[in-house]
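Note that the chains are named A, B, C and D in the order they appear, and that numbering of residues resets to 1 at the start of each chain.
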Amino acid sequence: MDLKFLASDRVEALVSHLMHQKAVYAPQRMGRHSVALDKVTNPAAVVLDYSRTMQSVKKYFQPPRDELLKFDLTDQSFAAATVEPLDAVLLGIHSYDRAAIDRLDYNFSQGQPEKNYLKRREGVIWVGVSYEPDEFHFSGSVGIGPLETEGFDVFLSRVGGGYQVETVTEKGGEILAGFDLPQAEQGKPSPGHFHQHIFLPQARLNEVMAASYSSPVWEETAQKCVGCGSCNIVCPTCYCFNVEENVDIKVTGGTRERIWDGCMLREFTEVAGGEVFRGGLAERQRHRVLRKFKYLSDRTGHPWCVGCGRCTAYCTAGISIVSIVNRCVSDFEKHPTTAV
Amino acid sequence: MAAKPRVAIFDFTGCEGCELNQLNFENQLLDMLGHVDIVEWREAMDDRPGEYDIAFVEGSLSTPDCIKRINEIRRRAKVLVAVGACAVQGGINSMKNTRPIEEVREEVYGKDKYLFPTLPALPLSSVVKVDVNVRGCPMTQIEFLKVFTALVMGKQPVEPTSAVCVECKLKENECVYERGMICLGPVTRGGCDAQCPSVGQYCTGCRGLVPEPNLKAMEDILVTHGLSVNEAWKRLHLYNSHELEGLKS
Amino acid sequence: MKLNELIQPQEPRDLYLPTMATLRDIKPLNALETLYTVELPGGADLGHQPGQFVEVSLFGVGEAPFSISSSPTRKGTFELGIRKVGLLTEKLAALKPGDKLGIRGPFGHGIDVERFKGKDVLVVAGGIGLVPMRSLINFVLDRRDDFGRLIICYGSRSDEELLFTEEREAWKKDPGVDFHVTVDRGSPAWAGRTGVITTLIPGLELELGKTVCCVCGPPVMYRFVLLALKSRGLSDESIYMSLERRMKCGVGKCGHCQINHSYVCQDGPVYHYPDLKSLEEAL
Amino acid sequence: MTMNLDINVEHLTRVEGHGNIVVNMRDGRLEKAQLEIVEAPRYFEAMLKGRSFHEAAIITSRICGICSLGHQMTSMKATEQALGLTVSEQTVLLRKLLIHGATIQSNVLHAYFLAAPDFLKVGSVFPLVASHPEVVLRALRMKRLANDVGEIVGGRAVHPITPVPGGFTRIPTAEELGELRRRLTEELKPDLIATVETMQALAGEIPDFTRETEFISLRSDDDYALYDGDICSSDTGCVPDSMYRELTNEYIVPHSTSKHCRHNRSSYFVGALARWNNNHDRLCGLAREAAAAMGLEPGCCNPYMNTIAQVVEAAHCAMDGIAIIDELLERGLQPEAPNQEPNRFGTGVGATEVPRGILYHEYTYDRQGRLTAANCIIPTGQNLANIDDDMKKLVPEILGQTQEEIVGNLEMLVRAYDPCISCSVHMLDVDFIE
C-alpha cells in the first residue's frame, strides 16, 4: 500500500489543490464549540480535527427542504424539479457518516430508485479522515472503526504532526495527482479507543431488540423525553420526510417540496380524521430505536445505526441510545425467554 | 374563488406589533393586496363596512367591551385568524391572570380602579371559535404569508406542532443549554425558524407550548444543566400563563 | 453481504410526478362520501388489483392516498370513494367533470385474487372500508364462475352513512350474494338490523375449508372482527386485512406508513393475517 | 356660526391604539374638547414584579410593537445604570444605528401611511396604490430598508432580539454592514430627496394653526440627541435624566386610561417637532436643507408640522447611519459577549428619544437582580394634555367650517402627534410590596 504523509501545515495547500478541481465541502468552525459542513471558500477555515458535525453529509443529498415539482396554477402544468449532481469533493468525512450514506443509498435505490437523491449522489469524491472517539461515539459496536476506509476515495489517518494519506481508489489517485507528498514514515495511526460500547455482538442485536418490545425501558425513557425530535433530525440515517405544498404569493404557481420529518414527532403517524398510531412517547422511542437496530436490519443484515452518537450528544434531555440498547441487553440476559 | 376575499384586520389588547408586521411586508404587500380586498383596518384606514371572508385579529380579550366586539367579529367573519401570542394563547397580558384581578387593579390605579373595567386576559379561542392560529410575539412573517396564501387558495393552513429544537438542529445552532442559558425551545412550538436561538438569544416561549408538553422532563433538563427550575417556570409564564393555569387545574 | 450488493441496479426515476387525469363523474354517496370517476389520458388502463390505492393530488392543495373502489374488470375509467375530512377532500368535492387531478399509482399490495379462485369469498367491511372492498366484490361478481359463494357483511355507524345504495339493492337481490348489513344506531326510518358489525358473523353460513375472508374498516374494528371470525373456526390463513396508515410517498421512501418492520405502502395495505401477527403495532 | 357642536369620533383610525375624540359645545361655550383614551389597560406592573434583569426589556418592549426598539433601548439603559453594567463603544454605535433604522421606519410609516391620506383626502393608503403607485412603492422601499437595518443589527425589526443589557448577542458582519451602507447611500438617499419633494407639494394642505407651548427633548453636545442626552425644556433649560420626574409630574384624569403630564405650563410637547425646535443646530446638512425646502423653521409652533419634522429627521438618520457604519467598519467589528455581570444593585434611569418623543424607564433591582420597582413614562402620555389644549384653541378658530371639516381637522391634529396609545396607557409607577 502506498502511504504518503500530509503535514498539518499543508492541509490548507491540499484544500486549495482540491478546490482547483472541484467544489469542496468540508467541516468548518461555526459557533464557539461547533463545527459544521459547508462549502469551502477559504481553505484556511477547514477543520479536520473535530468530533462531529451536527448535520451529516446527508444534507447535501437529501436536503432538509427538497423541491419535488413545480406547478403552474393558471394552466395546471407542472415540471419535475431540476436536480444537479453534487459533483464535489467531500473532505474530512468520518467513517460512520460514509457508512450512513451506504444506508441512504440503499433506501433510495431499492424497490423504486429515486432520481432526486441518486442524481445528487453523482460525481462525489470522498476524502475521509480518522477521528478520536469522544464520550458519545460508539461506531466500534456496529462494526465501523475510525480508520475504516470503505467507501472513501482517499483516507487521511491522523498521526503525529499530520496525516497518513491513503489513496483508496483510482478516482482518489486522480484528484491527488500533481500534489506532491512525501512517503509516510513507518508507524501506525491510532485505531481509536471507544468510551461507549454496546455490550453484545452486532449479530445478536436483532434477537435482543425483538425481545425488548414490551420492556419498561420505553416508558422510562419517555418520562425523560420532551418529544422534540432532535434525535431524528440529527441522525445521519434517518430519511423520513413529509410533503408540503407551497403556493407563491401571487397565487399563480408554487412547488411541492419534501421536508425532513421524524418518527418522534407526534403528527408523524396521524391520518386524515386525526387518529395517531403511535400516540405515546414510549411507542415513538421504541419505534426509533428498533428501526435502527431491528426493523431495517431485519431486511438487510446491517444495523441502521452507525454509532455517530449524535442523537445522544444533541439530546437536551440526555437520553442515550447506547444506554437504552444496553438496558435491553442486560434485561435479555436476565430473562431471555421473553423473546417474541 | 370568484370574487376576491374580503379581509378585515382588528386589534384588541396588545402592542399592535403583529399589525405593524403586516405593514412590514413591503416586498409582498402589493401582491397580497392584489388577491384580497381589505375592507377594515383601523390602524391603516378609515372605512368601516359589514361582512368579510377573513378576519385577522390581534390582541387578547381583557374588557367586557372586547368580549362584545369579538363575538360581533366572529358573527361577521367566515374565517377567523388569531394573530400573535396575545390572540392565540393570551400572551404577555395573561401574566396578570396568575394574581387576583382586584389586587392588580388596585396596584395600578389605586382608588380610581373602578374607572377602568377589566377582566383576566383571555385568548380569542376561550370566547369564540378560532379557525387558524398565526403564532409568535410578534407573529412570524413567513408563517403569516403561508397562512395568507393558503386562505386565498381556500385551504386550511397547517399549524406547526413540533418543538423549536427541530429548527435549531436544522440550522445547526449550538444548543442554548450548551451556552449555559435557560431555553424554552424544547417545550415551545416551532415554526419560527428558531429565530432567537439563531442570533444568540434563548427561546422565550412566545409561540406557546407544544401539544402534550412533557413539563416534568423539561424540569429534569434544567436540573441536569444546573439551571433554576423556578426561573424557567417564570419565563414560561411570560407568554403562556393562560395555558399553564389551565394545565394546573 | 455489503449493502450496495443488495441493490438491484435500475434507472432512477422521478417518483413523485403525477399523471394528469380527467374527472369524468362525481356522485355523492352520502353526506360525507363522494364517488369520483377518473379517466387516465387516452383512457389508459390503471392496471390495479382490488385493495390497491392511488395518490391523488391537486396543485396548490396537496396529495393524499385513496383506495380504488372500482374493479379492474371494468376498464376505461376507475373510481375513488372519498370522504370529506380535510381540505384536499373538500377541494375535490368542489371539482366538476372535466377538471384535472393528479394521479400516482396504483401502489401497494392488493388482494391476490388468483389465490381466491374457487373459494367462497367473505367480505367484512366497516364504514368506508366498503370503498376498497367494493373493488373485490365487483371483481368477484364480474368473474362469477371463478369463485364460490360471495358473502358480504357490511356495518356502518348509522343508516345515513351507508354507501352505494343502488349496488346494495342489487347485491341484496342477487341470489349469488349473501348480503348482510347492520348499523350501530339506526334512524327512525331504519327497518334493518341494528348492532355492531361483529353481531353479523355468528349467523353466517360458512364452509370453513373453502372460505377466504377479507376485512377492512376503522382501526378499532379489527380486533373484534378477528375474535368473531376465529370463534366461527376460520383459520388464520384464510383471513386477509386491509390497513389504513399515512402513506405519503407511496413508494417506500418517506417512512410514514411503517408498522414495525413493514411498510404498508409496499407490503400492504392488504396483509395476509399470518404475516400481521409479527407486526405488534398493526392491530 | 355653529353655536352647538357634538363630536364623538370613536376608535380613531390610522393611529396606534384606541382613542376617541370628544368635543361638546353649548351656546358657543366649549364644554369639552379632549382625546379620550379607551385602550384597555394591561397591567404591566404585574408582569414585571420579581422578573430578572434579562427579561425587563423583553417585557417592556411588548408595551408597544411600534415603539418596541425604543422601549428596549431605554429599558436596557435603565437596567445597565441600575446594575452598573458598562457597554462598549461598538455597542453604543450599533444601538445608535438601530435607533436610526427604527426612527426612519416609524417616521416614514407615519408620513406616508397615516398622515398622507389626510393631505390627499382619502381614507387610507390603499387607494393611493392605484392613484400614486410610484409614491407608495417608494414608501414601501424606504420602510423595507429601514426594517432591514433592524433585521441585520437587531435580528428582527419588530421586537428586536439581539440587543440585551450589556451589549448584543450577535454582531452583524462587515459584509452585512457594507451592503447596508451601499443601500442607504444608493437607495434611501434618493428616495428621501423625492419624499421631500412630495411633501413640498402637499405643504399647502397643512392647516395654518399655531399655539405656543413648552417643547421638551433630549439634547447632547455630540450629536442630534436620540440615544442619550440631558433633558431640555424650551422654557427652563437642561437637567440630567435622573431628574425626569420633576419634568413629567404625572396625574390621573377620568377620561383617559393613560395618565397625563405637565411641567412649566398646563401642557408640553414632545416628539419630532420638539427635537427640531431644541436641536436643529445638531442636524446634518441634508436634513437642514430638507427642512428649509419644506418650510420648517426653528421655533415652529404649528403641531401639524410635526409630520414635516419627522421627514427631516429621517434624512438625518439616514446620513448619520452611513457615518456610523463607516466608523464601525473603520474600527473593525469586534466579536464580544454582552457584559452581564452586575457590580451593583440599585436604581437606574434610562431616557431616550423614540419617534414620538422622550421616553423614560426607571428600575430598581434587588440583590438577586430581580425587579422591585419600575416606572415608565411614555411620550404619548406626555403629549395628551398638549393635544387637549390644542383642541381647545383650535375648535373656536374653525367654527366656520362644516362639522365634517371640523372632525377632519381634529382627527388630523391628533394624527399629527403620531400618538401611540397602547404605549401611553401602560405606565408603570409602582413599588412592589413584597
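Just so we're on the same page, a contact is a pair of C-beta atoms (placed from the backbone, for glycine too) under 8 Å apart; a residue touches a chain by one contact, two chains touch by 3 or more.
What you are looking at is a predicted structure, and each value in this text was computed from that prediction instead of being measured.
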Least step count from chain B to chain C, where 1 means the two chains touch: 1
Identity of the chain that, by mean CA position, is farthest from chain D: C
Selected pair, greater C-beta contact count between A-C and A-B: A-C
Per-chain CA centroid nearest to the all-protein CA mean: B
For chain A paired with chain C, centre-to-centre distance based on mean C-alpha positions, whole Å: 38
Distance from the mean Cα position of chain D to that of chain A, given in whole angstrom: 52
Distance from chain D to chain C - Cα centre to Cα centre, in angstrom: 65
Shared-contact residues (touching 2 or more other chains) in chain D: none
Contacts with 2+ other chains: residues of chain B: 153
Two or more partner chains touched - positions in chain A: 247, 251
Chain pairs that touch, as defined at the top of this document: A-B, A-C, B-C, B-D
Contact set on chain D toward chain B in their complex: 11, 13-17, 39-43, 45-47, 50-52, 55, 58-59, 62-66, 68, 109, 113-114, 117, 123-126, 129, 136-137, 140-141, 143-144, 147, 155-159, 161-162, 164, 168-170, 252, 254, 257, 422, 430
Touching residues on chain C, where the partner in the complex is chain A: 1-4, 6-8, 10-18, 20, 57, 59-64, 83, 85-86, 89, 100, 102, 219, 244-246, 248-249, 251-256, 258-261, 266, 278, 280-281
Chain B contact footprint on chain C (complex, rising order): 60-62, 86-88, 91
Chain C contact footprint on chain B (complex, rising order): 153-156
List of chain A residues in touch with chain B within their complex: 30-34, 36, 53-55, 64, 223-230, 233-234, 244, 246-251, 260, 262, 265-267, 281, 314, 316-318
